[in-house]
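Across the two complexes that follow, chain A remains constant while its partner is chain B and subsequently chain C.
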Partner chain A sequence: MKQTLNVLAMTLFTALPAFAGETTGLTDDTIKIGVMAPFSGNAASYSKAEVGMMAYYDKINEEGGVHGRKLVAIQEDTACDPAKGLAGVKKLIFQDEVFMLHGNSCSGVALAIRPVVEEAGLPWMIAHAASDSISNPRAPNIFHGLPTGSANGRAMAQFVLSRPDTKRVAIIEHSNDWAHSYSDPARAYLKENGVDPVADLVMERGQTDATAQILKIREAKPDFIIASLYEAETAIFLRDLKKYGMSDIPVMGTAGTDLENTLKRVGDLDTVKNYFVIHSYIDSLGGDKLKPWGDMIKKYNPDEELSTFSFASIGSAIAVVNALEAAGPDLTRSNFIAELEKINNLDTGILSDPITFTHDDHQGVKGSAVAGFVDGQPTVLRSWGERY
Partner chain B sequence: MMPTSAQLRFRTILFWLVPALMLAVPMVVNPYVLFIINGILIFVLITLGFNFVIGNLGQLAFANTAFFGIGAYSSAIATTSLGLPWIATIPLAGLAGALGGFLASAAALRGIRLYYLAIITLAFGELMRWIYVHAKSITGGTDGLSMPRETLLGFSLTDDRVKFYIFLVLTVVLVKATLNLLRSHIGRSIMAVRENEVATASLGIPTSRIIVIAFMWSGFVVGCAGSLFALHTAYVFPESFGMLQLIVSFAMVIVGGLGSVLGSILGAVVLTALPEYLRSFPGMEELFFGLIVIAVLLLLPQGLASLLRRLSPIFIERYYRE
Partner chain C sequence: MLLQLTISGLSQGAIYALVALSLTVVYRSTTIVNFGHGDFVMAGAFVSYVLTVMLGVAFLPAAVLAVIAMFLLGLCFSRGLIRPIRGGPHIGYALMCIAVGYVLRGIARIVWGREVLPMPSVFDMPPVFIGNLVITGDAMFIIGTTTVLLAIFFAILALTDIGKMVQAVYQSQRGAQLIGINVDRFNDMAWGVGAAMGAMGGILIAPVSLLHPDLGASFLIKGFAAMTLGGFGSLHGAVIGALLLGVSEQYAGAYINSALIDITAYLIIVFVLLVRPHGLFGHKTVVKV
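Right, the complex of A and B next:
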């Protein structure tokens, strides 16, 4: 009986074909790429982060593709929900049989799908989700093509301490993993430099008033405030900071907020004049160096209203295309991964910091610039007072 | 028209035949489709448990998302912190869900009914979510908990085929147990409470105890579903147990048929499978979801199960509220 059951079980469990082929998703003239993003749900606005990558692929296709192969993007909605993201990634891997994955905006979803992608073995270039845990510990096939939370968090703290005589730093954050992914490394960098936060405060998502937090900050008398808050809450915080006459204290925000959008939300330059955000690009939104990229996005998506999110995935798309080209016409998943690991100091012409992957380190972007208003104009900065 | 004894026998055969045929499913579908089917089995249990309280007991209680989260976190904590094998955490998750049901029933026992009960049980769900977020040392906070990779009798529990067989067996067992419970004197008392609590009490039936039992059974079934969900997604985090989850499962109950076990199954199947089928058409999922709820409420106010009952008497459930 036991033997019969064993035979039956083995038959059932070997009936399915294996999916992880070296050339799955490739034809003579196409490379299928699975693109995941929250196209629906509360976080649908983050799907803008995939627009740049799609436009870049359109541009490459218009120029003839990579070794004669067109890049065919298949989009799947994650709705920023792990269960839905898992269904989406399984569809891309097992039903659409894509060659590789590119994208994903929500760290929670990315963490949930990581075991599936790791086991399936297909290459995955993360384009927007910033949590370090997605690519660390290293998985052979998972690459981070943008600054991770720790890189951004450290960049935030570096910028804060680059302001002369900054000794007292307050931190205000949401109580979620996204906020912690910025504030924890920032806190660690401050500690390395002998600075303990003078106030550690929480502002929950959806809060419409920050008076309680502002009053505590006033007591703490900080020289600088680090705010790991979403854009809506950032606008409320800055508004209330001004209401209490504290808008001269500089505030350092995350890459989850956009400088120009924040200005639009508060509607008054005076409120955001001392607000700085992590900005991973070489220029500000309306700047000359970003203009060609903006034009490219507009060419393929005429209705796209450009924000910094629209450019988020272009750098990683450039790295993908570079590796595909280097892998040659006899493309396989293994030689593509090997070529990604050879990318060294790649100047993408859009990211503020170069991309470098090695066999042991798949977190490719180690730093980030900062954007703020200088003389009323959005300006990209390397450090306090130093333009990019 | 009630089913004849021959039709009842056919119904019994059908009950066992469908899962028996389903045993072959992993051989003919890819892992993606199997993942969706596994999700449907979980939602069958969630809807079944939810329907038990609002449909069969007739209490407007919305604590099922809390039971679901309690079950999922119980399994995740027991495997990650206590090192128990996942399979051993299923009854633990069920019991934790039942304990949640006991706590939720306290409001009903205090004579709180209708909208007041709805608000209190909603608050219970939100309170649990607050605990998941803030009890970081136990629950992982907003980062959640990742389930360890395990094997069972040599088979990997990350394999959707292995999960399918476990989920199927548990779903069949719990559906059958719920049917048996509903047919027992406890089940009849539960439905008597739904029809008229005062009259039921006047017959000497301990209505308080009946209400507690119903809530605890609901919590047990949904808690078990939570345990399956923890394995299904291999990742448990607070956002999975919010209002959206509640709305979806409530819609499944309404679309399937209030107070109907068959309706619970149909509602879960339809509202899981069809939106997934439409995932390639952005925006259509939400549109479809809204349209089907409106269409069922207008055209089939007793849910999809009533459609089957019209087609054949074998689908008539004696405990269904006509």
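Right, the complex of A and C next:
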């Protein structure tokens, strides 16, 4: 008898959080959403990515909320540090008792907190961190609301091969997981299309000279270069490429850089005239189609200096609000997740590619546009020579 | 390709030479290895950035002011933080240097965050093409400037009493005191000169490499490698070691594997310490008992 009671008590104890969790973080007029980002530390600039999402919440709240409930963002700083991220996510889940999580800019932090979030079972929409491993293998409650590294890597290679007569492709990259998350899928796509890189080169972080790599590239005579490099090294590589008279070779960069800042860093348009980057939006930073979104961010954050990062999370916020609307007034975590999984071909009006989730695939964005300078102006492209 | 790599290696090596030489100046005078020196290099570059870009001062006067500022910082560092712990365990010096280096880096991060800042090109001339050989304006500027600076430095050591004082303090601090040299003040000056020379390296590399708070970290290890290769305490050894390191990195990257560029400095440290611990120009330490 005593043993049966113990088993019953244990069953209740383990099952209780799951049942109690269904409506945790909800009141009649609020939905608490935990927003994690590196608001401090040396990666603090990436927290700009969460600004767009919170501005979108403010807009929805101003329009009356979702079924009368206001979206309340509870911010938690990760400082891009996995240990801080773990402490932060536990606070959001167990102390603040949020309904769901939305955000996170650092893949390292996201990977560290994944087991905690998966076990807790609350929905988590990833808004900025791009590593595939955060949402693959699939967890029932974790969704990727932006292109992952593999989607971006394939998009890079697709763009490279869309240039007529491109047969010889060189790859230069850092030797870390971040760089591989772009270059490996790109390499795989090239291989599927019968292209083997003519040069595979490494440029490590902190290197201040790319002469050795550029001389090898010169020998390899590529039609296109894929550069999976951080911002500083990208600028150094492009500058050196120009110094050695090779700036006519187009270079395809990752989403870790953007056109406007790269131009600012290298100092002249001639150096970046053939530089292209992954750009997940329908328009360039100063373009008409992004302007309403920029105005929205400015309305709620007047001091915000807009960069492409500022728009990164808006697409996933639109998906979240759509699913909350669809879940109806009797919102639970389960029916919210079920509604997310029904999102099909959602045109967010900001992301270049639609969002589609299914029960088996929680990586919602499968492609990305590319940005490059056309006639000296940043321009969003679908493929080589084809404007978005 | 060999000639191209050599020019590029000498250009990189010239920067390493300034860093290695500044480390050696401090080491010779005080027997302290400044583990925070990379951040002094970074700080010099940032001071120059503030003056040039934010305050609109022309490059040359800005560079001179930055070097003076870093000289004073080195002097204050010695007087305020190294002198009080003199006589304590040697690890204390190392930790003090690391701590101050991180403070400098932290200040840069607080002010500029994670931004990668562009420094205007100083010597903006088109590269010279001789057949396949390309000589860039940056390379000419860096090699030329470093050559002049090193010539002045070694001329002062060879032709003035300062050189004799340096030698006296290096051989025996007590002996130097006995002949009337104020060793404490001399050491302060050595820290100042070391910080100023490191700053010159930072100022020269900033227009080529872009500025960020972690800029100095890689230069510190290059400086150590050059010191090790040249021989600890050898001034000309530090310079030659740095040039050899710069060229070796380029050769290894181009002829073996580009991933080797980043680890050449570490490989040199390991190899030299195993095969010739006193480096190319250092002397074996003989202890008489």
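The rule is short, and it goes like this: the second predicted complex is superposed on the first by the 368 of 388 C-alpha atoms of A that agree within 3 Å, B and C clash if a C-alpha of one lies under 4 Å from a C-alpha of the other, contacts with A are read in each partner's own complex, and residues count from 1 in each chain.
Keep in mind that, in the parts below, a residue touches a chain if its C-beta (ideal position, glycine included) is under 8 Å from a C-beta of that chain, and two chains touch if they have at least 3 such contacts.
Bear in mind the structure is a predicted one, so any value in this text is a computation, not a measurement.
Q: For A:207, using the defined touch cut-off, is the partner it touches chain B, chain C, both, or neither? Pick first, second, both or neither.
A: A:207 sits against chain C, while chain B stays out of touch.
Q: Quick check on the superposed pair: does A:95 touch chain B, chain C, both, or neither? Answer first, second, both or neither.
A: Only chain B; A:95 stays clear of chain C.
Q: Between chain B and chain C, whom does A:321 touch in the aligned arrangement: first, second, both, or neither?
A: In the superposition, A:321 contacts neither chain B nor chain C.
Q: Go through the superposed model and pick first if A:244 touches only chain B, second if only chain C, both, or neither.
A: second
Q: Quick one: is A:119 in contact with chain B, with chain C, with both, or with neither? Answer first, second, both or neither.
A: A:119 sits against chain B, while chain C stays out of touch.
Q: Counting only touches as set out at the top, which of chain B and chain C does A:374 meet: first, second, both, neither?
A: A:374: touches no partner chain.
Q: What is the contact status of A:180 with respect to chain B (first) and chain C (second): first, second, both, or neither?
A: The first partner, chain B, only.
Q: For chain A, which residues belong to both interfaces, chain B and chain C?
A: Common interface on chain A, chain B vs chain C: 175.
Q: For a test of understanding, state which residues of chain C touch chain A in their complex under the given definition.
A: Touch list, chain C to chain A: 1, 4-5, 8, 11-12, 15, 109, 113-116, 118, 120-121, 127, 129, 134, 136, 138, 205, 208-210, 212-215, 217-218, 249-250, 253-254, 257-259, 261-262.
Q: With touch defined as at the start, can you tell me which chain B residues reach chain A in the complex?
A: 26-27, 30-33, 35-36, 39, 133-134, 141-144, 146, 149, 155, 158-159, 161-162, 229, 232-235, 237, 239-240, 276, 279, 282-283, 285-286
Q: Which bits of chain A are touching chain B when the two form their complex?
A: Touch residues, chain A against chain B: 9, 12-13, 15-16, 19, 39-40, 75-77, 81-83, 86-88, 90-91, 93-95, 108, 111-112, 115, 119, 133, 175-178, 180.
Q: Can you list the residues on chain A that touch chain C in the complex?
A: 42-46, 172, 175, 201-204, 206-209, 211-213, 215-216, 219, 231-232, 235-236, 239, 243-245, 264-267
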